[in-house]
Structure formats: structure tokens, C-alpha cells
Amino acid sequence: MVNPFDLNEAITDIERGSRDLHERANRVISIGGDHTIALPLLRAMAAKHGPISVVHFDAHLDTFDTYFGASYTHGTPFRRASEEGLIDREGSMHIGIRGPLYTDQDLDQDTDLGFEIFSSIEFDDIGVKGAIEKIAARVENRPMYVSIDIDVLDPAHAPGTGTPEAGGLTSRELLAVIRSFSERNLIGADVVEVAPVYDHAQITGIAAAHVIYELLSAM
Amino acid sequence: MVNPFDLNEAITDIERGSRDLHERANRVISIGGDHTIALPLLRAMAAKHGPISVVHFDAHLDTFDTYFGASYTHGTPFRRASEEGLIDREGSMHIGIRGPLYTDQDLDQDTDLGFEIFSSIEFDDIGVKGAIEKIAARVENRPMYVSIDIDVLDPAHAPGTGTPEAGGLTSRELLAVIRSFSERNLIGADVVEVAPVYDHAQITGIAAAHVIYELLSAM
Amino acid sequence: MVNPFDLNEAITDIERGSRDLHERANRVISIGGDHTIALPLLRAMAAKHGPISVVHFDAHLDTFDTYFGASYTHGTPFRRASEEGLIDREGSMHIGIRGPLYTDQDLDQDTDLGFEIFSSIEFDDIGVKGAIEKIAARVENRPMYVSIDIDVLDPAHAPGTGTPEAGGLTSRELLAVIRSFSERNLIGADVVEVAPVYDHAQITGIAAAHVIYELLSAM
Amino acid sequence: MVNPFDLNEAITDIERGSRDLHERANRVISIGGDHTIALPLLRAMAAKHGPISVVHFDAHLDTFDTYFGASYTHGTPFRRASEEGLIDREGSMHIGIRGPLYTDQDLDQDTDLGFEIFSSIEFDDIGVKGAIEKIAARVENRPMYVSIDIDVLDPAHAPGTGTPEAGGLTSRELLAVIRSFSERNLIGADVVEVAPVYDHAQITGIAAAHVIYELLSAM
Amino acid sequence: MVNPFDLNEAITDIERGSRDLHERANRVISIGGDHTIALPLLRAMAAKHGPISVVHFDAHLDTFDTYFGASYTHGTPFRRASEEGLIDREGSMHIGIRGPLYTDQDLDQDTDLGFEIFSSIEFDDIGVKGAIEKIAARVENRPMYVSIDIDVLDPAHAPGTGTPEAGGLTSRELLAVIRSFSERNLIGADVVEVAPVYDHAQITGIAAAHVIYELLSAM
Amino acid sequence: MVNPFDLNEAITDIERGSRDLHERANRVISIGGDHTIALPLLRAMAAKHGPISVVHFDAHLDTFDTYFGASYTHGTPFRRASEEGLIDREGSMHIGIRGPLYTDQDLDQDTDLGFEIFSSIEFDDIGVKGAIEKIAARVENRPMYVSIDIDVLDPAHAPGTGTPEAGGLTSRELLAVIRSFSERNLIGADVVEVAPVYDHAQITGIAAAHVIYELLSAM
């Protein structure tokens, strides 16, 4: 039995379980948890496929070096993943980024880690079609992993999450972008940070369920 | 007194009341209830005007043949209406459709019943102006009935309903489209499926009230 | 001690406090309260800068002559401000207006008071870029005061307010417009009408916090 | 497949399923549904055991003759059960009764149907111990069926139900009374009228879960 | 038309309306508003009956001299009433008092104003029967006015009010005490401080409705 | 800076801070956190006073040996405290216990650890007065530490907590018992397990605030 009070033990356990799934299936979708789980999931996937094109939907970069002094948390998975060589640095991107940064070096550092940044506010400029084209140009036909923090949606569409940020995507925009992934080589995905206790009228749960449905369809 | 536990008795009663109203008024707006009521309302209206151009806003087609084995429910009114010859098959359409289907024949069958389908996701492509033009081209100056299931809105704008689906219209888009109906020949409307017990902060009730206000103004 | 049951006494007290702040700071942001406070805030600011270009985000005009028979309320501040010569009548505007009017003279009278009206529904036509250009053309490089009634947002994005109206702006649109004010001469702002007891899942509070953050950044 | 829009068909189906269960088990607890289900459940049980001592916890008598003109509804099961000879008229009682009556004959008629009435307000007079003694004196060692409408609890303890009435039992009182049934011959029970959509903070669900746990323990 | 922003004007208007009602009816129940309204209601009643025995259910004394510097507010009505000679100082009492006091003279001053204090915590000692006897001994057969601030109930039974205090009465206790007033000479009552926006699952509204029902029955 | 992801580091840090407080004050009340904090708080207090009489209000024993395999969690503090000799085994007790146990040895083991068990259901038998006498007989005039898990209250009075159990105390009962501690030698207290995100209408927060107020008064 895993001690749920020990974060590192849980990370190891998730990686083990995920490797086991990848041996038995070609594509895996993970549901739930906080964003810490992206690291063991990417480890399991890269062990099979090599460096992967990661398309990360989130209001936040999640590429801090440490978070409250800890190296393995829900604020650091994509820095760790880049350092460990799990991601393809030519084909990865963040989508939906917004909100304040801790230091002005956050954006530069992020680019060095291999991520192109596509901010939420750009959706009003180029529309859903423009967004789909931009992702296609970055990812091309590389093996693609999609990691969706539900807080990429505006709090109106997903209040039930731990660190909501105003100014996000609508559920319609997100669903249309995911639908376009039927043209890409989608080999894995996660949907994380849904927190039912903060939710109301199940708005967030409904959005997440539709996101998962479209991911399945795109696969 | 009507037995409210008997669905067929209620349908008959609504048709009777609606016919009575149409004798005394040129235009009727019905508020509340589930979508089952569209059938007796259309019967009453077609008895006076003949087949009508039905513009149906909804996340769902509501043209099942049966729903849990029953023929007269909130999932079947527009199939029954089409079979009974109540709708104009050249001038009717569904707007806002999205979400999973039960079988892949649903869409074909729907076209045969006389409905053009205008999905929610198309709003991001052609905008409100494009939507207004598309409806005008279909309806022209036929007598038009507008049936609005509040779940045509995204759950962010209308959580208080029985079968919410992510990826819907914004209230601003819906209000703008209804406002354009002042150019059409609008003779009746309903606003249904508002469920206050699922609502929060009265978001759904406020949206529905504005929808009704714009319908009245368009008339 | 101010008697909180006496509205006029409170207005005087706010003006006094605001004048004091302006002596010590170049720019002031006020948070909270209902829209009544815009009047004493503008008095304090005009005493220092002369007539000011007021950009007022709101679902409502707030330029009634009286409201329930009273002259100084949250429905009348901008009429009083215009009458007192506090606003620049060539450079002021309302943004996000929608909803029913009490009399058809409301719009005409509003123009006479010095406000251009930019309705919510126009955002779907000209987009965020068009909105930013329209405001720039009206305000130019005049000293600008931004007054934000949180109900300018759609109830989906800000349910926690006293008089919500469907069909409003998204938080992403509002934040993008405010961000453009770094190009303007922004000398003061208020964010009002946030009512936590009507809020759910802190959606409104989160939106207001981001609005304030962007106002600070634009300054 | 049963048509869920046909109440009579559902009643028949529940009776059939319940008879099947009683063939395979000595005791049955039914969870969920509205109070209509008590009738088919009692039919199934009486078919095996003969007339049963029914101890019915509820804010309401549920012994109307008709309810909105219908004979088989959640307001009439115990009248139907008494007429059909399913209950032991010497050993049955209502507990927790309160609230307005439709006619002043309701109480008299109820006694004729074989029920002793133990009102909610008596709990403050005789306490939990007195209540337990009163039930024991009425039921003795007859085969006992316990039917619990969750609205027997005060709305503070069970807001999530369709017809809440102030002045009810506390959950502690109800649990203590049920615990005493380990001394009785408890052969069946139901817990009904829990409505999650009206609930808040899962208060009602938690109370119902504990009630079921104590029923199981008493068996 | 009364200006709702002027408290004194509203007090005068309520007294005028109440006098008018008392001319046409023998007994009057007022519903809603904050506790300020007790003063004009008592003025109207005393004008007809002379000093009245006031039985006041509340978590708070409401006998401040001033509240935020104002003399006529929801924290002061019973001091004003006593000073104006509207209450019978031998037959009045507060029931349900609890919570912190502003100064240690509050209780003494209250006794001087003519009120006996019966605290909430005493209910666990003497029970509902003891409470009923205590009230009867104080009021005897004087004309009695019952003023019920819904916050006399515990927040579990009435969360929807402006100044809730833990440790209050249950709704069952309150209803039983009111029921006993059929033995008293009850000539008027009010039920105040119900605030729906703070309520959940309508718990408070349901309790208030039952309280009013029992008041009507007792009359 | 303490790493909040490391439970043991946090326990050490709380003990250090608590020792510091006890050097400067005779009595300490801790607010918030989960029940894990009772252990470092008791260590700090016993370092100054020796073994202490612990009166622990809770729906649960919190004397597991391990919880999900971990030894230092919110389910184990009082076993650790007893093993470390921090509590007086002749003068300690649990109050409000109810709900299912994991094994039938839980109760026996608990007695061995030095706790008398006073279950919630006994309150209906002996009342508040009986409860106060029972505690006094156990604690006598030993130095007493009071640890209050807010889930000792019924979910009706405290829904906002992580592991609510039906059948608990009312807030009035709890407040009356705490008030009696002015007769005891109360040297420290904590109020824990208040979880605002599960709360509604601030019911739980209000109850906790009153509990703290009475603790302060009793000191």
C-alpha cells in the first residue's frame, strides 16, 4: 500500500502503473489528480516513444524550478520533464497562458525549456481557426501528448479548480481545438485539476467530461 | 382537474389551453415546462396557420423516435410534430446542436424530418452576423415559431437545466440572434427547460428573462 | 464617526478622504462600494485635474435624474458629475451598455451629458481590437478616469452583483481592453458593485481581482 | 424495458423485483425513490409474511385517498396498503408527524386505517427514551417494517427533500430510535425522498447514510 | 412615493400604514423587513391598546441607545419603544438571548427598560414545557405582542439572516412555544430579519413560513 | 522556510512555535489546521506542565496506530500523545464519539491509552447538566487541555468539515459545556478541522467563532 502522505512515493507508483498500461495499450488518457502527475506519466510515455511533443493547456506555465521550496509539485512538472529529456523541444507549446508571473525571467526560461507560448488573449485576435493552424505548425506529425489543466478555461466555464484565473478560454473554443487533433498523432493525454468541492452546478465536471469525450473521439 | 401524473392528459390540456389563447391573440409566448410542451403548442398553432417554420435552439435534436420506450416525451416532440405535418420542412432548422449522438443515423433522419442543422461550433467560424444571415436564408418570410431550450447556452451561462452540454452559445450571441427576428414574421415562441433547483446565483433565470424580453421586443 | 445610515454624510466623507489621497499620490484606484462613490471620487479628482475623460464600463448608464425619488444614489452619479462639470464631454463614453431602458429619452439625454455609448452587443461585430481603437479615438491623450461596474461582465463571469444583465462582456475581453490603457493617460479608476453574498465559487471576486491587477499594470 | 414515464408500470415492476429479492433473502432494505415505492414493497413483503406492523417515520401521513386526482402516488401509499390488508392495524404507527392538514378529518381517517400517530413535537416532552418505549408498546414482537421518509428530520438536518417541514427530529434522535430496533423483529425497511439536487454540503446524504447503517446494524 | 434611502421617512410611512390596518382588523401580523419596523408597528398598536406586553424572540437585545451613532435602527427599537411608553414593563421579555455584549451594563439597562431576559441556554435546562410556563407567568392575560427575529433560531435552522449567532433554539422548540400562545391574548406579531440571499436550500424561509402559520393558528 | 509538502517538517515547526508562545503566555488557543497539530501542541504544553488532562471533543477517536500506513496524521495524534506520556491517563476523555469503527478492538485500545469515552448519543439521556458533571468528575482540578474537532457538532451545525458524521451535538450543547470550564483549570485549547470550502452560509465558521469566544471567556 502506498502512503498517500508521501509525494515522492506516489510519483513512483503512478509511473509504475502508467508503464504497465502503455505495455497493454497504444493510447492512454489519465483523468484527475493535480498536475504533479504529468511528470510520471511523461516518464512512462517517453520510455516507450522517446521525447514527445507536449501540448499543454493551462493558465500557468507550471515550469517553476521549485514551488514553496519543493522540486516535485504541481507547479514544476514541465521543467522537470524538460530537464529529463522527456519532451521534444522543437514541438512543444503552452496554450492559454495568462495571469501574473513571479519574476520577469519566467517567460525566457520557459522558452529555453522548449515551449512556445500561446497566450489566452491571442484567441480573440486569431480565433479558433488561427489557433488550430498555429498548433499544427508547431507540432506537425510528431507523437503528441496533450496535457489539459482545466483552469485553461475561464472561471465562468470551470470554477471548480484550485487556482482559477480570469480571462480564459471558453469551453467551445477548447472543444473545437481538441477536435482538430484527429489530424495529429495523438498518443496520450491527461485532464487534471478538476476540484469538485469548489464547483457549482457541476459546470466544471460537465466541461471536463466533454473534453475527455472529444479527446477519445480525436484518438 | 388534470392529473399531473398522466403525461398524455397534460399534453391534451396544454393543446386545449393554447388553442384558446390563439383565438384571442395574434402571438403567444410560452414560458417554462420541459420540451414535451412544444408538441401541443405546435398543434394549436398549426391548426390556425398551417405548417410553420420552426427555428429550434437546443443542444440536442429532440427528434428521437422513442425515449426510454415512450413516444411522447421531452426527447421526441419535433419528430412527432414533423410526422403530424405541423412544421414547414423547407424552412425549419436546429441551432446550437452539439454533444454525442445515440446512433450515427440520427443526423440523417433529422434532415429527412425537415430540419437544417446549424451546430454550436460554427458560431466561432461565421460569427453572429453569419448566423443571422444563415437563419434568414432558411426562414425567409414564412410564419416562424421559435422554440428555445435554455440548454442551447453554455453551462457557464445556463447551469440550471436538466441536460447541460459544454461548448454552447453565449447569452450575448443568443440575444443578438433573437433581436434580428424583428425582421422575420415571428408568430410564436417558447422558452423551456429552465430548472431553478440546479441554478446558482440565478444565472439561468436572468438569461431566460432577457431572452423573453428580446422575444417580446422582436414581436 | 460617520453615521452609515446617512447617505449624504458618507458621500462627503468619501470626497474628503479621496482629496487627501490625491494630495499624496499621482494615481488612485478605489475598490468596492456601490456606484454612488463615483461622484465624490470624481469631485476629488476634478478639483486637482479639471474635467476628466471618463470611460465607464457598465451594463447600465447610471445617468438617471432621480432613482426612487432620490438624487444621490447608485443610479445617478454620472448625471450629477456631468452637471457639476467634472467630466470632459468630448472624451467620455459608456462601454458595455445593454438591457431595457425606463423611457426612450434615456439614450438622447445621455448623449447630451457628454457620453458616447458603446453597447455590449457591438463586441461581437468589431471584436476586441475594434473596441480598443474606438476608445482610443474618443479619449485620445486626455487625462482618463476608468470606472468599472463589475456588471459590465456577463452574469456567467460575474454573478455576484446587485443588478446582473445577460449578454455582457467576457472577462477576457474586459482584461484585453484594460491592458490597452497602458497607451492612454490613466490617472484614476474604481471597481465597484462586487457583492460577495451573491457570488458563487468566487467567480466574481476572481474577475475583479484580475481587473484591478491589469489596471495597476496599465498605470 | 420499463417505460419510466408510466407510474403504474413502474409500481408493478418494483413489486416483481421485490418479490424476487424476498425469495432469496430474509431481510430487505430499499434505498431511494419517492414514497410511492412503499406500496409495491409492502405487497411483496405481505405476500410472504401476511399483515405487517408498519412503523412509518415521516412529517406527513401519506394516507390521502387521492393526490391531484391520482390514486397511486407518493401521498397515498399507506391508505392503499391498509385497504389491501397489507398492514397490521393493531401494531402500526406514524412517527414525526407535523405540519398543516388538508381537512380536519385527516387524523380521524388515519386512525381508522390502523395507525397510531406520534407527533414530532412530543419528542421534546418524553425524550428519546419515552419514544422508544412508546414504539415498543405498540409494535411488541410483531414482524416490523420501517419506512423512513427523510423529511421526518428537521430541514436543518435534511434540507435535500421535496416537501421539507420545520420542527422535525434531529438526526441524533432518529439514530437512537433506530438503534433500539435491535430489540424488535425488523424484517424490512426503506429510506426514501432523499433529493440530492436540493441538498447542500451533502447534509441530507450523510444523514441518510447513517440511518441506513443503523438499520443494517439493528438487523 | 416614499424615498427608500431615507430611514425616518420609511418609519413614518410604516406607522401610518399600520394604524390604517388596525382600524380595519383586530389582529395584525407583519412579515419581513429588518427589526427597525418593530417601533412604528408598536406605536400603531399602543395608540389603540395602550402599553403592550412584548414577547421578543431574538439572539440580541435590540435595546442599544444608538447604533453606529444613529438612534433609529434595527439595533434600537425596543429601547425607543420603552422610552415612548409603548410597552408594559411588568409583562415583557426577551427570549433566546445569547452572544457577546458590548458593555457589561447592557443587561442591567435592559431590565430597567422593562424586559425579563430568558436566555437560549436555559432551554436545555428547563425544556419547552418550562419555557412555556415561564412566559405564561410573566405575560398572564395582558394584550401580548410577539416580535420574532428569525435569528433566535440556531444558524443550523436559519442561516439566512444578517447576524446569526450559534447556540440558538431549534425550530421545533420555537414552534411549540408559539403554539402555546393560543392560551394567551395575542393581538399582533411580526417575523423579521429573514434574508433570502444568505439562505441555503430555503431552510430559513421554510422555518419562517411555519412560524407564521403557527402564529395565525394561535390567533 | 518550511516546505509545506513535508508533514514531519511542519509538525516540528509547529512544536517550535508553540513552545515559544508558552514561554510568553500562560494560556494558548490554536485555531485551524487539521487534527495533526494536536500532537506538537501537546508536546509543547507537556514540556512545561507535565502530563495533561486532555478533553477531546470529536466524532472520532483519532487514536489509530497508523492511517493509510502513516504514523503522523490527523487520525493518530492522541495515540502518539499517549505513547509519548504527554497526557494524564486518569483525567482524559473523548466526548461526542459516534460512527462506525474499523475494528471492534478500537474501543478497548482507546481505554488503555487513558481515555474515557462519552458518546454523542448519551447527551439525549443525561442532558447538558449531566454531561458537565461527568466531565468535572473525570478532570477534577488537573491542568486541562481542550481539543475541539468541529465535527463533534452535527452536520446540521457544522457541514464545513472533512469527515462529517450525523447524530452529533448541537452548538447550544457544546457552548454550554465549554462555558462550564470556567470552573476547571483550563490552560490550553485548539479548534480544528473547519473547512470553509465545504461550508454553506458560513454556518460552520459561525459555530467555530462562538466556540472560541466561549473558550476565551472560560479562561
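Residue numbering begins at 1 within each chain, and the chains themselves are lettered A, B, C, D, E and F in the order written.
Keep this in mind: contacts are C-beta pairs under 8 Å (C-beta built on N, C-alpha and C of every residue); 3 or more make two chains touch, one makes a residue touch a chain.
No experiment lies behind these values; they were computed from the predicted model shown.
> Among the chains here, which has the CA centroid at the largest distance from chain E's centroid?
Farthest by centroid: A.
> Which chain is most remote from chain F in terms of Cα centres?
Between chain F and the rest, the longest centre separation is with B.
> Any chance you could check whether B-D or D-F wins on number of contacting C-beta pairs?
Here the pair linked by more C-beta pairs in contact is D-F.
> Between chain B and chain C, what is the gap in Å from one C-alpha centre to the other?
About 37 Å separates the centre of chain B from that of chain C.
> Return the distance between the CA-based centres of chain C and chain F, expressed in whole Å.
So the centroids are 50 Å from each other.
> Quick one: chain C and chain D, Cα centre-to-centre, how many Å?
58
> Once you find the CA centre of chain A and the CA centre of chain F, what distance in Å lies between them?
Using C-alpha averages as centres, the distance is 41 Å.
> Where in chain B do residues touch two or more of the other chains?
Residues 154, 156-157, 170, 198, 200 of chain B touch two or more partner chains.
> Pairwise, which chains touch?
Every pair of chains meeting the touch criterion: A-B, A-C, A-F, B-C, B-D, C-E, D-E, D-F, E-F.
> For the complex, give me every residue of chain E touching chain C.
So the residues of chain E in touch with chain C come to 1-7, 68-70, 73, 197-198.
> Inside the complex, what are the residues of chain A that reach chain C?
Of all residues in chain A, those touching chain C are 98-100, 120-121, 123-125, 154-157, 159-160, 164-168, 170, 198-200.
> In the complex formed with chain C, which residues of chain B make contact?
Residue positions touching the partner: 127-129, 154, 156-157, 170-173, 175-176, 179, 200-203, 206-207, 209-211, 213.
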